[in-house]
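Next up, some structures in structure tokens.
Next come two complexes built around chain A: one with chain B, the other with chain C.
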Partner chain A sequence: MRRASALVPILYIVFLMLPIYWLLNMSFKTTNEILGGFSPFPREFTLDNYIAIFTDPTWYNGYIDSLIYVAINTVLSVAVALPAAYAFSRYRFLGDKHLFFWLLTNRMAPPAVFALPFLQLYSAIGLFDTHIAVALAHCLFNIPLAVWILEGFMSGVPREIDETAYIDGYSFPKFFVKIFMPLIASGIGVTAFFCFMFSWVEMLLAKTLTSVEAKPIVAVMTRTASTSGYELGLLAAAGVLTIIPGAIVIWFVRNYIAKGFALGRV
Partner chain B sequence: MLELKSVTKTVGQEAHIDDVSLALEPGTLNVLLGPTLAGKTSLMRLMAGLDRPSDGQVIMNGVDVTGLPVRQRNVAMVYQQFINYPTLSVYENIASPLRVAKIAAGEIDRRVREAADLLQLAPYLDRTPLQLSGGQQQRTALARALVKGAELVLLDEPLANLDYKLREELRAELPRIFAESGAIFVYATTEPSEALLLGGNTATLSQGRMTQFGATLDVYRNPVDLITAQTFSDPPLNTIAAVKEGGKLLVDEGRLSVKAPAAASGLADGPCTVAFRPHHLLRDKPGRGAVTFKGTVAVTELTGSESFIHVDMHGARWVALMHGVHAVPSGAEIALHVEPQRFMLFDAQGRLARADIKEAA
Partner chain C sequence: MNKTWNNRAWFMVLPVLLLVAFNAVIPLMTVVNYSVQETFGNNLFFFEGVKWFQEVLRSDRFHASLMRQLLFTFLILAIEIPLGVAIALAMPRSGFWVPVCLVLMALPLLIPWNVVGAMWNIFALPDIGLLGYGLNALGFDYNFTRGPLAAWFTVVLMDVWHWTSLVVLLAYAGLRSIPDAYYQAARIDGASPWAVFWYIQLPKMKRVLTIAVLLRFMDSFMIYTEPFVLTGGGPGNTTTFLSIDLVKAALGEFNLGIAAAMSIIYFLMTLLVCWVFYTAMMRGEDQ
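And then the complex of A and B:
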């Protein structure tokens, strides 16, 4: 019985990990070996795929561009969402609940809906093919999410702490930075994580709004169909490298995310 | 001196504070006594400047501070919940108002350690508040209020969330700790016994109105009206409706007739309310002239040193508070006695006719 109950999670994990293992496996093979047959581990182990990515600027610039707009977006989203979430958590104003819900409905529309208007608007003001364009476009989805998550954390802080700080003589900005933000540090961490992850994996808007200068890695990966056919080994290596930043971020915020779940907002 | 002049606070249609005027002297301890929702916290928030009154003025040392935000005033406040900055150490929590005021580090250190010694926090200065017990957390909040040297110190039921032992301990220390500061002290509580233990002055609040303000014992002995007497009585004041006819008080539609006490001379004929405190309802007849009531026991609560006998008498539910154990079974017939000079008589509007209480009540 004990063995049977242990078997279920093991099977589950194997099924989950299998595609990732297979990706890793493929990334160490040559494209010929991948096309040639089925093998659970690379017979001719090679690092050529990785070397190719790290030496070819069109490849590694894809990662750099992605990281740039993701970083801009994360900072922007959190910075804008912090005061907004504070207002929602602390003040009552006309239509506050409706506005709060409306913010969230922004996330319900698929990004494709916005791709065309964004493309024309950003082209018109000369932002096409810049990092800031993608970062701003992703804000449409990330700011509502950030406000939603942060509001949950902020409402967990008693209002009396704000008042005690004012009684002590703190001005609002000083209180917010010195007292309040450390209190919701885990919330800020969780929010930043979700903004990062969304922006990192989002492909449609990023691809539509860029061409050369700010081409994200996901867009680069779709163009591996070269003259010599599909470079599958290269593609697999690129895929592995795309997973890594997310995995690193998850590792850092894993404890905070548990807290976020406990608050029921993630 | 803090003066409130006809201060009113309305939220929506509701008057949280209704026309309160009050003058508090420096170096005094003032208790705000009233049941939950009487407006104690609302009144404190107006005094502090956390809320702005809808009407009326708040005057501090002759200066009108009505609209002045709290951080420009010199006040300190301690809440019922233990409010500290969880991310800062106990030391930094206490030092916080001094740091904001940009006081020299040496001076801060001296004052923090002094306050910590006084409140027995010295061994815990490096911990964070959440690593402390409830009592220590509230001491930290008190130390922060103390160290600031504020002119006005507001304590909003600071001991309500503490267990019995700690509460007694801190209650005894509090007046001593703040006595030297010369500040105006305001202490909100729901418990009449706490007001009496603290002494000083008491303002009784009921439904946003201040019913009486004066020396605590004076308010207790000579409540101006029925609401004040009820607010300032725990267990609840025993009352019964009566009709005064000449020299007699008729109770329970005339089924019981009592010779009106001398206090009733100022009272016109007509309906009135007779009230007396639970510990004046006695089992042994104290002497000639005592009024005897007969009724049935509803329930008896024993604490060991005291017994609370709840009785139904002439359509009213009374409590008799007695020393020692009185295990009276429920449903038993009982005769209880009150000395007539213990009666407080209130007229139809609830104003005290005259309370004739000779000794400490």
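And then the complex of A and C:
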């Protein structure tokens, strides 16, 4: 019984790894070998696909563009979410519950609903095809996410700490930066990680709001896939490179992954 | 926890409010605006009332994509929730391998959605993909670009691959919060594994499972990128879900009135379900 049940997670992980293995496998093959037919591992091992990406500006600029708007978005989301989450976790105020629900609805709104109006809005204010446009657009779902996660972490800190600090003569900004933020440091880290992740994986808005100057890697990939036909090796290598940032940081947040995905509610 | 009443807390919420309102309210008003007007170009608009809504609600195309969307979401929930709970139950409760398992399981959640689509495309190609080649070698006639059934199978399997881990992570977090004493008491009473599941584990997982169902419902209901990259909505229209249809109408055909009316109906449906779950969740939290 014990042994049989231990097999379930192992089988599941094998199932998860198969497509990833296949992507890696393809990224190390030459185009000839890919088109030549089925082979379970690369026979002529090559790094050409990766070299092509690192030497072609349209490819590597895609990564740089993506990282720029993701970074702007993460900093912005966490910065504005911190005071808001504190307000939600510590105070009751007029309309607080409605506001909290309204924030959630933005996390749940289908981006497809917003694609066209966003295109017009950001064109009208002259931000179309800039990193800032994508960073701001991703705030739509990342700020609610950040507020919810941070609120979850902040509610775990006892109120007595706030009150003691005020009695000791701390002003609110000083208390918040010097005492409160270190206490929820792990929460801030996890929130930043999730903002980073959700901005990194989103494609529809990022693609709609950019054309040349700020073309994200996800858009470069879909356009390459449709224009140059069967450059599967190149596409696979580009895909592998997009997995790496997530794979690196995930180890640091392993104990909080569930809490983050549950919007801070576990 | 008792919170103090303080209306000045509004100032702390203000930056969030302004940024999200800029992104949510202005575009939403644009959509509402388009949904009641007709245009003949040159930015000339005429008020049309509810004409677009009537048209959308009567159109077979909308009904078809809505039906496909509902079927897809239903399949996703029916497969991923029980599967996720089963895997979480089978996981060891502690040990060296647990964090490694969790990290490996979370990996698909962090892959850009278009890469998920591209990866499954490569994985499922009938001639060179492991899945496609394997299925054909086993004697199935499998080609997801031609067979509607094969396309559905691939899209659902892809989503199971992509998101079941979310359910596993949440269910596992719920399970770990059960104190050992509960299990010891159950053993003393001679409870069967089924009774332990039904009377101890499931009630303790209720809250996380509500969240899991909510998130899986929402994200599968607005799915766009993965099926778009994998099948492009085809073969024919067989995997054209609501979001794909909407983007087609809005950005492809530039059919503003129809797209806007569709957006609003779509958004209201999401909002309704979201509200039901939110109420359930908050009630759970108050207890």
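One rule holds for everything that comes next: the second predicted complex is superposed on the first by the 244 of 266 C-alpha atoms of A that agree within 3 Å, B and C clash if a C-alpha of one lies under 4 Å from a C-alpha of the other, contacts with A are read in each partner's own complex, and residues count from 1 in each chain.
By definition in this document, a residue touches a chain if its C-beta (ideal position, glycine included) is under 8 Å from a C-beta of that chain, and two chains touch if they have at least 3 such contacts.
Bear in mind that the values here come from a model prediction, so they are computed numbers and not experimental data.
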Three-chain arrangement built on chain A, chain B and chain C clash or fit: fit
Chain B versus chain C as contact partner of A:V80, first or second or both or neither: second
Which superposed partner A:I179 touches (first chain B, second chain C, both, neither): first
First (chain B), second (chain C), both or neither touched by A:Y170: first
Partner chain in contact with A:L140 - chain B first, chain C second, else both or neither: second
Contacts of A:P111 with chain B and chain C, given as first, second, both or neither: second
Residue contacts on chain A - larger count, chain B or chain C: C
Centroid geometry (CA): angle chain B/chain A/chain C, rounded to a multiple of 10 degrees: 90
Chain B and chain C, minimum CA distance [Å, superposed model]: 10
Shared chain A surface residues [contacts with chain B and with chain C]: none
List of chain A residues in touch with chain C within their complex: 5-9, 12-13, 15-20, 22-23, 26, 34-35, 37-38, 40, 76, 80-81, 83-84, 86-88, 90-94, 96-97, 99, 101, 103-106, 108-121, 136-137, 139-140, 143-144, 147, 155, 159, 197, 200-204, 208, 217-218, 221-222, 225, 232, 235-236, 239, 242-243, 246-247, 250-251, 254-255, 257-259, 261-263, 265-266
Of chain C, residues touching chain A in the complex: 1, 3-10, 12-13, 15-17, 19-20, 22-24, 26-28, 30-31, 86-87, 89-92, 99, 101-115, 118-120, 122-123, 127-131, 133, 161, 164-166, 168-170, 172-174, 207-208, 211-212, 215, 218, 221-222, 224-225, 229, 242-244, 246-247, 250-251, 256, 259, 263, 266-267, 270-271, 274-275, 278, 281-282, 285
Residues of chain B touching chain A in the complex: 48, 50, 69-71, 75-77, 79, 81, 83-88, 96-97, 100-101, 141, 144, 148
Residues of chain A touching chain B in the complex: 158, 160-161, 163-171, 174, 179, 182-183, 185
